[in-house]
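In the two complexes below, chain A is the common chain; its partner is chain B in one and chain C in the other.
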Partner chain A sequence: MRCYRGQGVDLLQYVLRRLGMMFVIVFGASFLAYNLQAYSSNPLSAFTESTEQNKSFLIAKMIRDLQLDVPPPLRYFSWLRGIVGGLWGDFDMGLSRNNIPVIELLAQAIPVTIKLVITATFLAIILGISVGMITAIRQYSRFDYVMTFISFLLFSLPIFWVAVLLKEFMAIQFNDFLADPNIPPATIITIALILGFIMASFVGGSKAQFLTVAAGGAAFSAAALTFMSGSNWFLEPALGIFGVSFLALCNAAIVIQLISGLDSKKGRIAGFGTAVSIAALYYPLQTLMSANASLVNVLAIFAVTISVGLTIGYFVSDIDRRVYSRISFFTAFISTFPIIIDRFMQEFPGYMNSDAVNRRPVPTLGQNNDMLTPEQLENFWVAGLDTAVHLVLPTIALTLISFAGYVRFSRGSLLEVLNMDYIRTARAKGLTERTVIVRHGMRNAMLPLTTILVNDFAGLLGGAIITEGVFAWKGMGQLFNDALRGYDMNLFMGVFVLSATLTVLANFVADLLYGVVDPRIRIRK
Partner chain B sequence: MSKINPKAEATLEKDENEIANRQTAGLSQRQIVIKRFVGHKAAMASLFTLIGIIVTVFTATGIRVGGESFGFTIPGWWPYSITDIDPEGAIASMCNGGVTGCPTLDLAPAFMDGDGVKFGNHPFGTDIIGTDYFALVVRGAQQSLMVMVIVSFLGILIGTVVGAIAGFFGGIVDAVLMRLTDMFLVTPVIVIGAVIGFRFGNLGVIPLALMLGFFAWMGLARFVRTEFLTLREREFVDAARVAGASNRRIIFKHILPNAMGIIIVVGTLLMSGAILIETSLSYLGFGVRPPDVSLGLLISEYQGTFSISPWLFWWPGALIVSIALCVNFIGDGLRDAFDPRQRKHISIKDRKRAKEMKRLNS
Partner chain C sequence: MKRNLAIRALATAASAALVAGVFSVGAITTAQAATKSTVTLLSTADITSLNSSTADGNTSYNALPASLTGMGFTYYNSDAKLVMNTKFGSMKIVKQAPTDFQIQYTVAKGQQWSDGTPIDAVDLLLTHVVISDKYSKDAGLGDPAGDTKPVFDSVGYGGPYGQNVVGLPTLSADKMSLTVKFGKPLPDWELLAPGPSPVHALSLLADGKKGLQSAAANTAAKAKFLKAFTSKNTAQLKAMGAVWSTGYNVTKVDSTTNPLLLISNGGFIISKYTFGDSMVLVRNAKYKSGPAMATKNPIKTVVIKVIKDNTASVQALRNGDIDIYYNTLPTGNDKIALTAMPNVTTVSRVGGNYSHMHIRVDAKQGLSDTYSGIFAGNGTRAKDLRKALLLATPRDQAIDVLIKPVKADATPLDTQFAFAGTPEYNTLTKGSGVAVYSTGTQAERTTQALAIVKKYYPEASETNPLAKFKFLHYNTTVRNNIAKLFSAEWKKAGFDVEDVALTDTFFDEISYAKYDVTMYGFGLNSISQSNGTEIFKSDGGNNNWGWNNSALDELMKSLQSDILTPAQVTAKRLAADKIIMSNYWGFALYANPTITAFNKELKNVKTAPVGNNITWNFFEWSY
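Entry: the complex of A and B
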């Protein structure tokens, strides 16, 4: 909190004022929402066509139960009393119409929604920002035009439409493909060429360089695909020690290039050294990943790899210790994922051939497979794999949709920064292009991104309503849906207040964070 | 990417400025904006596509002016309507064992499959009860376009008024209006939309759109406010005030024209957002209800039969995507046109022409 030094009182005042404002906003918004929902729904409409004998009794009962004789603006306050009760430890969100406390329903739904969106959000952020920044660096290149078109296209796609396409092509047809997992040579060549061109556009350079990279990438992809097709890889997937080492080395190269540049000798030792030692840890780490492992084991693996990485970083460097430690930290952290993914893959053949899955591993609906045996559920890796395959389609759909926003935003942000005078100064000082773009450009371009990152996490509910509906997940969106269709006022307000509070808090955190990361911003007195 | 040495870059930049200046010499602000927009190829192509879609969609099945009991219908050029069930016994004669009528549209030319380009009676096929699918899709697109126009009109109107008042007057008015905006803003649009649609969806698309419009202005209001806050401190506003202009005159004659850029750009974003919201609501069952038709409704109805009759799924989706895509590209073109900082990309052709002119002049 460097920028607030000497203004502690101001900051306290600011935080208190903002908190007060947040209460007012959430109060106003919930009042609005309550009345909107109360006036636009009529629970008694269920009886209009009823022919039951005790119809009038039932109507009277419902009016009494739901307090329908109290006008909504007043009824709001009886709901509010439960919320305000939180101030003296008597918090009460009321009961749903099935007589289950709303807070319990919310507690069940929140983890589901978070599980649904978290992978997609991270993927979209990482892919979107990197693609956006590359398009900004190569402004007006062919890659830029293609990515601009693609991001506009993704902007215009309705998620429910994408979902149906994914179900058809990613799930049903992929499952059919697994019955006989051989890729015809013509398809291999096409896919390899496309992948080659994508890799080359990321790397860029002169025309000759572009073609070399494209040809190399295509040849490599073709070889990999032929190997995967020939060796039944799709039925028995594995990375093995070779896959893990290869990925670790590639990852190290990217991390080194971003942090110190590949021409730094110590950077190379720190990065590649870490990658090699992670690969060497492949077999020892398998002992930590037995069938009865848990999340603790996974954390332990990360602890082991990261401490190995940091040790290497420490001994490599004598000055600039932070730079090399950062290289080995990120190399170690990212390279651990392949090891864990490899462990999940080892369970795949067994999972796929079990009765519950019946050789069709990619499901189109649901958040887990109900037919798994207790034995399978107890196995951390099988249960995890089950969650993972259920996440495939929603994650792709959500990533595609939110990817476009990050591309456009980070592109615009970096372009704006690159036009600044300090970039010109940095170039004039004779810094390398890498340093100018990564240290002076990208870092500053990331600042405004904090705002949308935080807001996106808060806007989960909006995205979840449709996605959960399409893929039949039982999270917050589904709860909202149920509340709306079932005239469930308490449930509706529970979901609403939670999401409104999250949004307001996120805005507040974003403003504070912005002040921390950008010393130019000062809070207003 | 060719390496450029710093000296050459400096002259290049000077050249580019010169070219850009010469391209806009002697033109008014409005002419510059129009010229830039017309030069944006993707935006122009989208504009023509969108106009094409609008004209086709609204002339095809005719428009009903007025209500059920009064008013008149302007007839369209398409022979079938959404209420004609199985007009020519199309189902029985068609594929899929008579479940749905296959599309008769064939765009592959004669030399490719020997059938030749033809539209046939039912270019998009027919649905499960034999209704012409082209008529259904056209009706759905009409609904979506109407929602788009109404929502964005209301959103722009309210957003501009609120933002302008908050930004211009500042102080307590600003604080109150902005907290009000925040109150509306904390709810995701789809949540509000679902509540509204649940109540108003069965009344038809226009009441739904009107209600959605009342909850679509918040983003624009914020942008307009920021714009007004900076503009009202500018010298020309002081000059107008010294000359005795009233607040109203300053707002409408001096500030609003300068804020038009941001209003139009955010407005187009609002339009493409409105289409996606309406189709999503209808898909979820909160928007337009049967027997009326909407693109989202068609998709939700036929997503299950994708493997048997994929065209019932493709066409409504393709229309949503093309309308939203066109609007987004037009918005992009407008942003480029209105942003004076954004230097237009100088093409090789421009540079050659400039060199030629320089040579001729000297």
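Entry: the complex of A and C
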């Protein structure tokens, strides 16, 4: 796809032509969809088994209300009239079969779907792309094989089944476990060994290295689990200042390695310096997180930590200020999350013991606990915790399922880039391997990902039909499913037209964006 | 490399130690959870309206909250008996003549709506508006059977009340009683009792009021409704109708919702609701319209959770996310999963729905259609073949395979007029002649059937089935499995069956003579004297098989229109069953089982086969 740039008129022409095509596509698709749906089932079937005394009236009423005596192709135009009415300000998507305006139903479902899918989508993208790129860099390593195996495994799992397993083990069994949260030693050893081997496969290296790391990882895990089990951590979880510091330092190490390399002394000062000061801010920041806090407080916390980070980055060095500021910025940004999470954890014991939760904190479905008291709902942290425990299972399920696609795609993309001539040139110039891969490799490997990312975000609003169903979230996917099964033509068309328009638009935006990010595509006419 | 390794190992060990220090230890406060007072119910479809008489799709699901927020003259209990709710009021026949049949409904004194407005017989009048076709036409509110929606867009028109009511109901002087006149005696008159509606609220809503009003304003509003009703004031009724038909279709209830929409006389009042997600109901402090709530640990809050996925609701029950699970189409796997749960009591019983298999003898009355298959007519040959088919139908096998995993003591249903387990059921099934289909083993019965078939197809055998016919059923797993069992056995009796499974066109096809034998279900929403009559009357709406017998028509007509004693009803039903059996038209297969599973700590949950299956005795629930 070519995108014209430089000559405004050409671009305008191009945009108009594309918009015209989109209009035709959406119109044609909606006509087809309407008729397919209308002919696919018979709403009068509902009366087959009815023994109602006024059955004949009810049948006549349904025929009248749903215009079943009008052939579907004609009925389509009476629906279309409401949509076209938008041109003169008389937009009408009609009523659902239950006499609720379709637009009202859509307005209610869209935020639900976004809430459900957005975290999982971001997680899947971030994890998927990073794992994919690491596997590409370490092609044919143990890690590569493990991840390839895992991603194909996840790719082939049906989500309803994943959901059943997650609910069984992470909700039902976990809640049962919380009644007496002690892990028996045998279980600790098994889990620790498994975790150790997983960690070792990430690190790789010779056999001796592998075993050392596995042993170290297992010891680490065993220590952590024993401590958590013995100290009732599951009932009163907390990170505390030590946990926050530890996570900040780990995070700083990763950020430094990615941006300047760990051998850069100034990089280390910027990263670890920021991490230490974030940890030092742990107690002062608690004052910003009282029970009547709001999203503004959270933003304020980020503002504080990021400005502290940027200050450190700025003063580390006169040269390459941008690089060190970037290190400090990312370190500060990411390290703030543990502080926030720690605050949510502080509410956990109270939340869990409240009447509404009844000591079973992980629900198998739903968006929120309907029985929370008004005081609990007013507390930002309790309400947030409630949302979080309801999101945990669907987010894991969705992430697991969609993660695999990103892994495969980004792996392939980076491998292709790494075989390019300009990578060889970069290496020949004597650039460090880190610079070659991060600056020259990863950036270019991201280009083809633009298209799928844009489309995936457009697809978000289509909803996750099955996931919403098994977790009982009334989002766009369920709305569509209900409309389809319930012969609810207006509702069906409402969801359909919205997602069709978004898909077509996303394709268009992806094409435009491609011209922006990839200089090779900017062709003058 | 060695050094590197050592550093790595050291780092790992160090971080292990760090982690151990990370997690702070706190004193454990094992708060004793207070006695639970919330019941979370399952709804398998959306609640779409706060008015359960409007929406065309999900009236039965809207009835779930309605059963908690409204009480009327009667309700069904777990034995499918219609209970008179004397706390709300009483009813009696005041005149019974061939053309003048009057019933007086009296509302018990001292009841209030949840906003404090007294309940009286004026509150019963709205029912007349929304189920009488004639009133709708006379008051200029549109013909409910016409081409446009009437102002009060209700699902209640076209029934026996609307067809037989004469004139307007009359109020007593104290406005506590209402007398309704019908043009002929109606046997199921107890089922026609009008339900109460907060008419003052409707009147206030029509005037655009946004909140609860003073007692005086409520009284005035009620008077305004009464005046509009009696004078058939089209303009005012139209305003009220608009609110009634669409105003209650909200997608959210919260603190901003107009409280006039939520006024209730039931045990509970809606406090929170999100379309497609859940509804929260809290106790109605003014509740007096039904039996008193349990005194010890009664229910204070009811949550209705919408879960459409069956596996999800089973797991939700296990995790305590819901307290009562109810399934009208359970499978053996559901039963296994539920009985394995430590925290749950599982009860299987038969519901108001049953499956049946019926044989066509003629085209359906009123259709320009003809039938000439092997079962056509009432000649000896057709009757013999029908009898052979019924003999060779392995009802027990189908029940063993499909029903017993859910309800271990299931038996074939032997009459379509009564519930199994009732004395009437025993009388009917002993005398009707249905017993031949349970006598001996299936193999013996199939052998008898083959002998009959051989009379007309001497060459017929299992390997050479000759008596050709088409068998129609729904394309569902259960139906397909039954059809497989049946077809195999029928073949042994010499029948050559073509098994047709349809999904979306089934409804269009069952009435037509393209198929010889059909199997599907019938559902009962009420227990009435006229139950089943529309199936067996020659012009009955549910008689799709051209059955026609004048003696039977007489019996059905009597059941539909005469006021009879229970003994007379049983006698007529027995006579009817005898005719049905001697004509070999078909039989019921089994009553569909239902499963209820609920939190072990919740007491007095009893499922009713008809009516408000789960919630009918909410007042008895307690922890």
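The rule we apply is simple: the second predicted complex is superposed on the first by the 488 of 525 C-alpha atoms of A that agree within 3 Å, B and C clash if a C-alpha of one lies under 4 Å from a C-alpha of the other, contacts with A are read in each partner's own complex, and residues count from 1 in each chain.
One rule holds in what follows: a contact is a pair of C-beta atoms (placed from the backbone, for glycine too) under 8 Å apart; a residue touches a chain by one contact, two chains touch by 3 or more.
It should be emphasised that the depicted structure is a prediction, and the values quoted were computed from it without experimental measurement.
Shared-chain residue A:Gln108: touches chain C; no touch with chain B.
By the touch criterion stated above, A:Asn35 is placed in contact with neither chain B nor chain C.
In the superposition on chain A, A:Gln67 contacts neither chain B nor chain C. Look at A:Leu153: by the touch rule set out above, it reaches chain B but stays clear of chain C.
Legend: residue contacts after superposition of the two complexes on their common chain; A:Thr119 is shown touching neither chain B nor chain C. Once the two complexes are laid over each other on the shared chain, residue contacts for A:Gly469 go to chain B and to chain C alike. Residue contacts after overlaying the shared chain place A:Thr503 against chain B, while chain C stays out of touching range. Legend: residue contacts after superposition of the two complexes on their common chain; A:Pro363 is shown touching chain C, with no touch to chain B. Counting the residues of chain A touched by each of chain B and chain C gives the higher count for C.
In the superposed model, A:Asn455 makes contact with neither chain B nor chain C. Within chain A, the residues touching chain B in one complex and chain C in the other are 40-41, 160, 164, 168, 172, 469. Across the complex, chain B is touched by residues 21, 24-26, 28-29, 32-33, 36-37, 40-41, 138, 140-141, 149, 152-153, 155-161, 164, 168, 172, 204-206, 427, 459, 461-462, 465-466, 469, 480-481, 484-485, 496, 499-500, 503-504 of chain A. Contact residues of chain C toward chain A in the complex are 5, 8-9, 12-13, 15-26, 28-29, 31, 33-34, 36, 38, 40, 46, 48-49, 54-58, 144-145, 147-149, 153, 155-160, 162, 245-246, 249, 251-252, 272, 274-278, 280, 301, 303, 305-309, 311-312, 315-316, 318-321, 353, 503-508, 510, 520-525, 530-532, 534-535, 541-542.
Across the interface of their complex, chain A is touched by residues 1-2, 6, 42, 179-180, 182-192, 194-196, 198-200, 272, 276, 279-280, 283-284, 286, 296, 299-300, 303, 306-307, 313, 317, 320-321, 324-325, 328-329, 332, 345 of chain B. For chain A in complex with chain C, the touching residues are 40-42, 44-58, 60-62, 64-65, 96-100, 104-105, 108-109, 160, 163-164, 167-168, 171-172, 175, 208-209, 212-213, 215-217, 219-220, 223-224, 227-228, 231-233, 235-240, 242-243, 246, 349, 353, 355, 358-360, 362-367, 370-371, 469-474, 478-479, 482, 486, 488.
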